[in-house]
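Take a look at these structures.
What follows is subunit A paired twice: with subunit B in the first complex and subunit C in the second.
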Partner chain A sequence: MSSVQVAGRHTSARAREALFAYLLLLPALAVFAVFVFYPFAENFKLALYENPPFPGLPSHYVGLHQVSHVLTSTAFSQSLVSTIFFVLMVVPIGLFAGLALAVAAHRRLRGIAVYRLIFSSSIVSSIAVAAVIFGTLMDPVVGLLPWLGINPHPALLENPTWALPAIAVISIWQFLGLSFIIMSAGLQSVPDEILEAAAIDGASAWTRFWRVTVPLLSPTLFFALVVGSIFAFQSFGAIDILIGPQNAAFEHVNVLIYYIYQALQVQSDPGLAAVLSIVLFLITLTLTAAQLRFLERRVTYAR
Partner chain B sequence: MAQVIFDGVTKRFDDVVAVDDLSLKVADGELLVLLGPSGCGKTTALRMVAGLEMLSGGTISIGERVVNDVEPKNRDVAMVFQSYALYPHLSVRRNIEFPLRQRQIEKSERQRLVAEAAETLGLDSLLDRKPAQLSGGQRQRVALARAIVRSPQVFLMDEPLSNLDATLRVQTRADIVTMQQRLSTTTLYVTHDQVEAMTMGDRIAVMNTGVLQQVAPPQTLYEEPANTFVAGFIGSPGMNLLTGRAEGAGASVTVSGGSIALPERLRRAAATLTGATVGVRPESLAIGPDGSVGATVSIVELLGAEVHVITRTDDGTRVVVRQEVGRPRPRIGERVRISTIGDALTLFDPDTGQRIAAIP
Partner chain C sequence: MPADAIAAAGVMVAEAPLPRGELTAVGERRRRRVRKVASYVLLTAASVVVLFPIYISIVNSLEPATSLAHQPPPFFPLHPVWHTYSSAWGPGNLSIYLRNSVIQTGIIVAGQLVTSVLAGYAFAFLNFPLKRVLFLVFLSTLMIPFEVTFITNLTTITRLHWFNTFQGLTVPFLATGFGTFLLRQAFLQIPRDLQEAATLDGYGHWRFMTRVAVPLARPALAALGVFSFLGAWNQYLWPLVATGQNNHVVTVQIGLKLLAGNLIAANVNEVFAGAVIALAPLAILLIVFQKQLVRSLTAGAVK
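Here is the complex of A and B:
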């Protein structure tokens, strides 16, 4: 009898504790509900409604018709191709350059902290400032290229071939700080003793790097790959500031994230924007899921 | 196989002298233990042999060759680390094989050597596992297999047993000694554990604050410590050190109001001293009514077969008496009198701490 009472009291204590926990979670949940969950759900609904070409008229339900219409359009496929090219330029170069800088800064040298600060500084630089600086450097009149004797026609940022790589350069520069920090943290987690053991076992510096450091860094590399890809898929600022819809090269630089903005703000077509958003969401979701699965397999590294 | 010679080796880290003018010769095929408290420079000395630290002064030779400027990979040494330092992404087989692959040894030969090393250390059934799937003792054996597989000239072992539990440590200790004797490879073994050093070493080099204190076979170290540091560090518990005045032309030393008679062989040496430190092992002391030195019992430790009675003399010196478990045990706080048994006493200069040799 008494044991039952004790058990009952125990349960109610646990329930009270749980209730209290939910109470504490409530403010955060409320904010998320209003600013994340509701818009997220609403976005799926928007995708099912088509807006008439004239603003002001009510939208009407068309089911999946709008989704298939958008996904088969030339504008969408062109945007997707640009996006993929863009990501393929930004991510590998950003990762490799970040790793190279991290390796260079991973030494015990006097004053190395200054270099670490410089290498990671792009992470805190505003994209607006960066875009203006790079825009000036790429300017056909006062920029760096004419000074070097290179003068493409049309100008770099209006050139259908070169505008996307030019924007990619800015994104690479911007991603470099984060890439450097992630790689540095990864390098610090590689135990010195394992590299020393390899040195004694006869491995040259080159072999140590490729056969020991890189395999041990693989979870870090994969994490940086995913973070870098998500970053690249969402590069917006430089395109908005330096290109914009009036630009001759615009359709070659109209990556998904910019297309979404463009659909909503310029074409006033929430349905189109919603469908594009869902595509971008699915891409990001896939990348994140892949990373989690990979990490689950690889985190069992023990010394 | 080769001898290792330290000649006036010094290592400075900024302002700290980690190893100070170390001269030491490890004979071909010998297992020499570098022993000392943490921070005494023993690991630094070992790492300099491996080539992981540069020398600030002096030379190190392996065999006939001075290796000061030789890359670690060209020194033909193998090292076993305290953390084992296995390659976590490689299987046990690939771990053991790693040094062979770096030396471009052909596949069939590699397989033969790996199989041999694996058999020596009982790893046959674990070859396809990853290090994370092994126990501490098994990882330890993989590290040893990786060291022996390419028959290096010298083994360097940096506290290889510290991460094992007590039972496994005793067993692995014996395994390493057996393996070393069979291969008769020159071995430099670093430890802070004096029991490990006493049981494993052909000779022991005791270091403290970067300075070599004494190099000798274990028993000599125990019986004739070169100075008070070695006397206190070797043995568990260490030697008791009682400082007093030499009296009666070296016949005795007066300590804390009591008198310790010196054996015949030490009297002529003691006659030249005024102050003297008497070193006496805990097993050479007894508590009894006819003891000459008064002390108060502070702790009584029961260790099964024996009892350590830790006391403090009236002048504050800590004195440990080892007695058999059957003897009557004093209580904490009790006043006791301590006497010496036999003539196994050592005499030290109280100022320099150096042992004073008997004058015949």
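Here is the complex of A and C:
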């Protein structure tokens, strides 16, 4: 066999392997191309075209005018403020409650598996289930609030001041299971020897928690923070189910993702929706990028 | 876990200067028992708070509507009635919604498993030009939330005449960057020798993938399956905009919204029954697959 022949066969084997690889990637790439990258790119085009006030007429190119118009509007700043306020309610409370439950369940006791299952349970509740349950419990007639002596006027979910915190309560409960699961996994990765050494050195349980566990848990806390923020930024279902555009409190709960939905479905304004969705993308990107950089740094330190 | 042991060790250290006679040992044992009881009380109290919304839904779903409008609200199903479930199931259309959700979720889970296995195998076992770039392309899909792409996706499925169909509901989700990544990692754990041995035995890549690699990656497949199931079952935004609330494709989440939409005091117990029905499949999933679920959810948390 001459070397040319071997080389030829080698190349064709390589080519065949590459071809096979592309075939394996094709189904996923096709879905990504049509339903991820194309619509993603399309947003930037849509943002440059303004829709006429009456549906049916063609949209026309306005350049960055629409972008600046949306970003400087009161509706946008109000929506952004509501979103940030919402995230600031859901994430810290959700993280803290998840951590507290994880610490409570982090011990060797008979039946602890049952408690762990219960603490993770809200992970299975969809936002629709959570919204329907809490919405009914918050109802001024059939709910629990009158019994608790809480009777705001207008009713909780129509109250400009209280509607958003009420929605936040639902999201916190729904996030609790995930937060608990992440925190528990993190706690399990804290080496026992270090805690034992600290205990032998005379550190109290309180000191051990804050000086040993929390610092060692910081990657987990950060991961949970990012996941929680993305979760909170994308909260939408509860508002859709419990508070519609007709609601008096609507302006105050119009978080970014709901604003996008509303721009598209109610106002039939894809241009506006596209600008808003680019903002949402940039926020998500910042969060994910921060997480990736953090992970990278941790890997470097670990070596 | 030794939180208890550590605490006990702390106690022992603190008491070290004392003469360690019979009496201290008894005291210590008692103290340990008190600590144990306190742990159970704390854990049970936390469980009650976490489970309360689900518990009260079950209670309310079993109450005659008349007793729900009364104060104080019932906390135990004293006079359980079961017709709420049959009317949510039949006239409330829950059976249809549930069937639709099973179809929609089944297609998405199966599709994601297949595309992730194929692409994950290519990235783990094959060499081809642009491998790194293509891997980054897959990972970049994780940065683009669906809330950003749904605007144009809605136009796309309308153009394809997929509005109000299961294709429209599922095809955009048939590939996942996260799943590909998860399976690639699992495939990379498989020893190279095994593949060499298989090649000597005359196994091609396809046979090696289906007969060896996939069975060995079962834990990762289970983790991805449970994760996809949870995500697909609980989807809200896309089924809301892509179905136009046509009964033949409405998923259980949107069905719940429709059920709650006609919320009047007379059928509030039915709404609760609907919420319980919607929750049940996932509750079973959590109990059976808790481990896999935790593994997939913490895939990014603990290195």
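Methods note: the second predicted complex is superposed on the first by the 279 of 303 C-alpha atoms of A that agree within 3 Å, B and C clash if a C-alpha of one lies under 4 Å from a C-alpha of the other, contacts with A are read in each partner's own complex, and residues count from 1 in each chain.
In the analysis below, a residue touches a chain if its C-beta (ideal position, glycine included) is under 8 Å from a C-beta of that chain, and two chains touch if they have at least 3 such contacts.
As the structure is a prediction and not an experimental result, all values here were calculated from the model.
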With the two structures laid over each other on chain A, which partner does A:Glu196 touch: subunit B (first), subunit C (second), both, or neither? both
In the superposed arrangement, does A:Ile118 touch subunit B (first), subunit C (second), both or neither? second
Return first, second, both or neither, reflecting whether A:Thr220 touches subunit B, subunit C, both chains, or no partner chain. second
Between subunit B and subunit C, whom does A:Leu95 touch in the aligned arrangement: first, second, both, or neither? neither
Under the stated touch criterion, which partner chain does A:Pro146 make contact with: subunit B (first), subunit C (second), both, or neither? second
Report for A:Ile127: first if it touches subunit B alone, second if subunit C alone, otherwise both or neither. second
Taking the superposition as given, does A:Leu46 touch the first partner, subunit B, the second, subunit C, both, or neither? second
In the superposed model, which partner reaches more residues of subunit A, subunit B or subunit C? C
Kindly classify A:Ile243 by the partners it touches after superposition: subunit B alone (first), subunit C alone (second), both, or neither? neither
Given the touch rule stated above, what does A:Tyr38 touch, subunit B (first), subunit C (second), both, or neither? second
Please report the subunit A residues shared by its interface with subunit B and its interface with subunit C. 196, 199-200, 202-204, 302
Under the touch definition given earlier, write down the residues of subunit B that touch subunit A in their complex. 50-52, 71-73, 75, 77-79, 81, 83-89, 98-99, 102-103, 131-132, 146
Okay, in this complex, where on subunit A does subunit C touch? 14, 17-18, 20-22, 24-25, 27-32, 34-36, 38-40, 42-43, 46, 100-101, 103-109, 112, 115, 117-137, 139, 141-144, 146-147, 173, 176, 178, 181-182, 184-189, 192, 195-196, 199-200, 202-205, 208, 219-220, 223-224, 227, 230, 234, 236-237, 240-241, 257, 260-261, 264-265, 270, 273-274, 277-278, 280-281, 284-285, 288, 291, 295, 298-299, 302
Parts of subunit C lying in touch with subunit A, wherever the complex brings them together: 1-7, 9-10, 13-14, 36, 39-40, 42-43, 46-47, 50-51, 53-54, 56-57, 60, 68-69, 71-73, 114-116, 118-119, 121-122, 126-129, 131, 134, 137-138, 141-145, 147-154, 156, 171-177, 180, 205, 230, 233-234, 236-237, 240-241, 252-254, 256-257, 259-260, 263, 265, 268, 271-272, 274-275, 278-279, 282-283, 285-287, 290, 293-294, 297-298, 300-303
Subunit A to subunit B touching residues, read off their complex: 191, 193-194, 196-204, 207, 212, 215-216, 218, 300-303
